[in-house]
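Following this line, the structures themselves.
Both complexes below contain chain A, partnered by chain B and then by chain C.
Moving on, here comes the complex of A and B:
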């Protein structure tokens, strides 16, 4: 950061701002941090002072076939959702970039709408619809519901990248002998590559964390967040902390990867 | 030049909704010439170029390339590479990959592609940058990459859309000579769109001047400069003094133009009596006198109102009794004997042949 001349900086204001930032982060991350700390605590109940360091809860989780099943469902759904919603999001973003047509504003509003709908309503609507077409309770049901939620994120990320593209670039490719398909393959997609990879990670993270809609439609094919609720309803166990820590670390890694690709990745260099 | 034009626009017009970008236009471009299309922004020059490249479809008329109508040919099936104002280099490809692009799209094999791209990079004197990223190059080097990228397919025609507008003045002049030499050596037809008079006049064999979607004049730079055909062209070039008036006959029966600042004789029997017209006289062709000049020269009395020195020449500004502003450009030697000071009365004169009648 360029701080310029330190003489222009009030030490009091600087100190207050620092304090503010620290408190804000503490507020956000303290519960997660607590969960992380207690996941390595040997005591049965979360209490201070802490007992001994222990990985027994992780071992208990790893030995539970229900957890593995939930993880398998979550990963399967996550990967498929990421691929489908990124493809859909790319298509929607490119349509917005390339064409202007009557009702484009409505098209954009509808395409970006799903994440703003309250998840309970979305979940109920999905359940009502999917059970009518006999898909409720299937992993496919979770995939469909999550694609609806995730595609707008992919679209937003890729749209931003396309807006940074020199509008002459695609025409320059045509002008040099590339057909529309060739220009798509050799110019548009390479230009958007960091955003496409970023969208894959972001959508996977969203699907990985999503609980409410999955709870409505997953039936017996529960994803990990749904399983966690099941555990909580049965008995409170430090195993929850272990799973929670695992889910949190995984999601954070996906988002950090996406951030690196979108922000500072070597492939995102501009002209 | 061969008999058949390489490109012909036949009654081509372009409308965007109710906006007319290009009015019905006829234009022939000859094999091997350097043609500049010049005009201010919004005059239709870029639209004309884009129609030739297939990026806009004409609303009416036919465009022919080597005799064949190309209206319905998509951009990628024409052989009309373009150098863009933004250069539009592909930022995710290296320098040499940019140059190879058009060859790759034409299915040229990897080794052959590389060889030809390297040849063009060397020719543009940027061979050492082949594996660099575009972002590592300077403005002038990017310019050369853009040229190599378009020329690597050795087309019949190259389109250039204000390619030098982003460069600083010194680099601009250097690139102008690069372009001119390149055009002469390759014999490729260049169609160069610009708003800059100095670029158009220093490089082009022929210049097309456009205004509001219409061609105002086509000619060699010398012809246009010496004898602008319309008032717009004279104004646009900015090198001429322009008198507005009406065509008339003097008692001796000669054609003259009657203006607020006096009557001036015209060369030959031009114009219809009573018709409004303008007379243009280049600012370098006027003489300054401190006494009324005798003889057959046209002359007008004017007061000096200002002066401006540009290198070896000076421009002196005058105003006539009727309020008409005039300028005269002279070398410092030519001005040496004159009592130049603001407010001083002088007489300005020019030979009849240096006056040109232009349409209003």
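Moving on, here comes the complex of A and C:
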């Protein structure tokens, strides 16, 4: 693609803009990189110059039974949330792809709006509502709340994939005598498989990092991010860096998996 | 396309609808009812009493928090937009396709890193013996009290919103009609003037929506104002967490939450109207 009119290009301006981009990315990644570096640093109050290389924060974290419990809760919640939100998201994406009906705008708003509501408000509303039906303080409460904010991500990912599909594919299956269900099973789902897997990983990653709503509704069943919030409230501790690096690496692996599946899925060239 | 209502179609459409009605719409509506409930002897009971509204609205701290939150979120939206724009502009117009894809992918990574961890990391940078003050010390300056300031709160907000704002601006710029820019250049419109007279007005919808998201994110965030701003001056989000977590004053927290929702709706409505003003 043409990147600007060559007659109108100034090397100095171009260089300055590029420098600015680099600085912006440095700003975005500085806290992430610092947390990675300091997770291996022996000092209790991290700063420069760096102390010695040490894995003591990882050992401290690994020796904390509450962290393990948090991790177990996080994984449990994450997996269940990913399955439910992807199923719901798939249904909504397919609905949007195939049907038009009165009130579709409202349907889509319900399907996509939840992540734009501030998490403190969602947290309070969820806590108040779930405690009325005796569900708060339970891992189930976190699952319910997380599906609300994760399903829109699943829907967006799968809807994007469906928009690459030729609608005549499904119709061809019908014409060849397939029932709607058979066409769903043999045409739509195989076509969407990479996006479905991608949605599973993306929603899991979102759930892994969500702390605010989980903090409101989880009670004693804290997930790992809620535990991190606890560390932040208590004494400042480099353990946060160790957990953060661990969670970051996990999330990145999920994301890379999702990317690979979305980019090079077996169905991606079947147009 | 078949359009009749069938069991098949409903199997796919209904689950999400039911889930979001039950666990998204209903809890939010329930907040309205809750705001009229009363608390006696640390127990909430259904009621229809405006006491929570009059109590909260009668408190100076509430209005001070409201003003602070509104001002900080507006400042964050403006600051983030201004900081993001040159970056989005350069990625959209100056990078070759391959590099642009990389740039976009890198900007997505922050969404999957813990915001809490990043805020803690900024504490390490900003504290009195932190990285920035040590570096300033090398050239004989400081130390400055950087942490627990409004500037630090804003830094947290920008950290939260910048990646999203860059991406949204970027998408509105990528899909811009490039012949407009070339036409401007051909008519000897200067570079800076092209940006302000052609690029920004054409991409206005995307730019305003991006700023709106920065506002929404900052308006509701309680982590940055507590852990970077030191909780003083207090914001509405801090007020909600405090009111909810300490004591059973959920009805009062509901009043704050509803006030925030209405404010957000008004801001969103005004922004969208501004974004589309003069368009068909």
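Things worth noting here:
The rule is short, and it goes like this: the second predicted complex is superposed on the first by the 250 of 271 C-alpha atoms of A that agree within 3 Å, B and C clash if a C-alpha of one lies under 4 Å from a C-alpha of the other, contacts with A are read in each partner's own complex, and residues count from 1 in each chain.
Criterion: a residue touches a chain if its C-beta (ideal position, glycine included) is under 8 Å from a C-beta of that chain, and two chains touch if they have at least 3 such contacts.
Keep in mind it's a predicted model, so treat the numbers as computed, not measured.
When both complexes are overlaid on chain A, chain B and chain C end up sitting side by side without clashing.
Once chain A of one complex is fitted onto chain A of the other, the partner contacts of A:24 are limited to chain C, with no touch recorded for chain B.
After overlaying the two complexes on the shared chain, residue contacts for A:47 are found with chain C alone; chain B is out of touch. Working from the superposition on chain A, the chain A vertex angle toward chain B and chain C, CA centres, sits at 100° in steps of 10.
Within the superposed three-chain model, A:178 lies in touch with chain B and out of touch with chain C [touch as defined at top].
Within the superposed three-chain model, A:168 lies in touch with chain B and out of touch with chain C [touch as defined at top].
In the superposition on chain A, A:191 makes contact with chain B only, not with chain C.
Taking chain A as the reference, the larger set of touched residues comes from C, when chain B and chain C are compared. After superposing the two complexes on chain A, the closest approach between C-alpha atoms of chain B and chain C comes to 8 Å. Interface of chain A with chain B (complex): residues 166, 168-169, 171-179, 182, 186-187, 190-191, 193, 267, 269-271.
Here chain B touches chain A in the complex through residues 53-55, 74-76, 80-82, 84-86, 88-93, 101-102, 104-106, 133-135, 149-150, 153, going by the rule given at the top. Partner chain A is touched in their complex by these residues of chain C: 1, 3, 6, 8-9, 11-17, 19-21, 23-28, 30-31, 34, 83-84, 86-87, 89-91, 93-97, 103, 105-110, 112-125, 127, 129-131, 134-135, 159, 162-163, 166, 178, 181-182, 185, 191, 213, 216-217, 219-223, 227, 237, 240-241, 244, 250, 253-254, 257, 260-261, 264.
On the side of chain A, the complex with chain C involves touching residues 1-5, 7-8, 10, 13-14, 17-18, 20-21, 24-25, 27-32, 34-35, 38, 45-49, 87-92, 94-95, 98-101, 107, 110-111, 114, 116-130, 132, 144-145, 147-148, 151, 155, 167, 180-181, 184, 205-206, 209, 211-212, 216, 225, 228-229, 232, 236, 240-241, 243-244, 247-248, 251-252, 254-255, 259.
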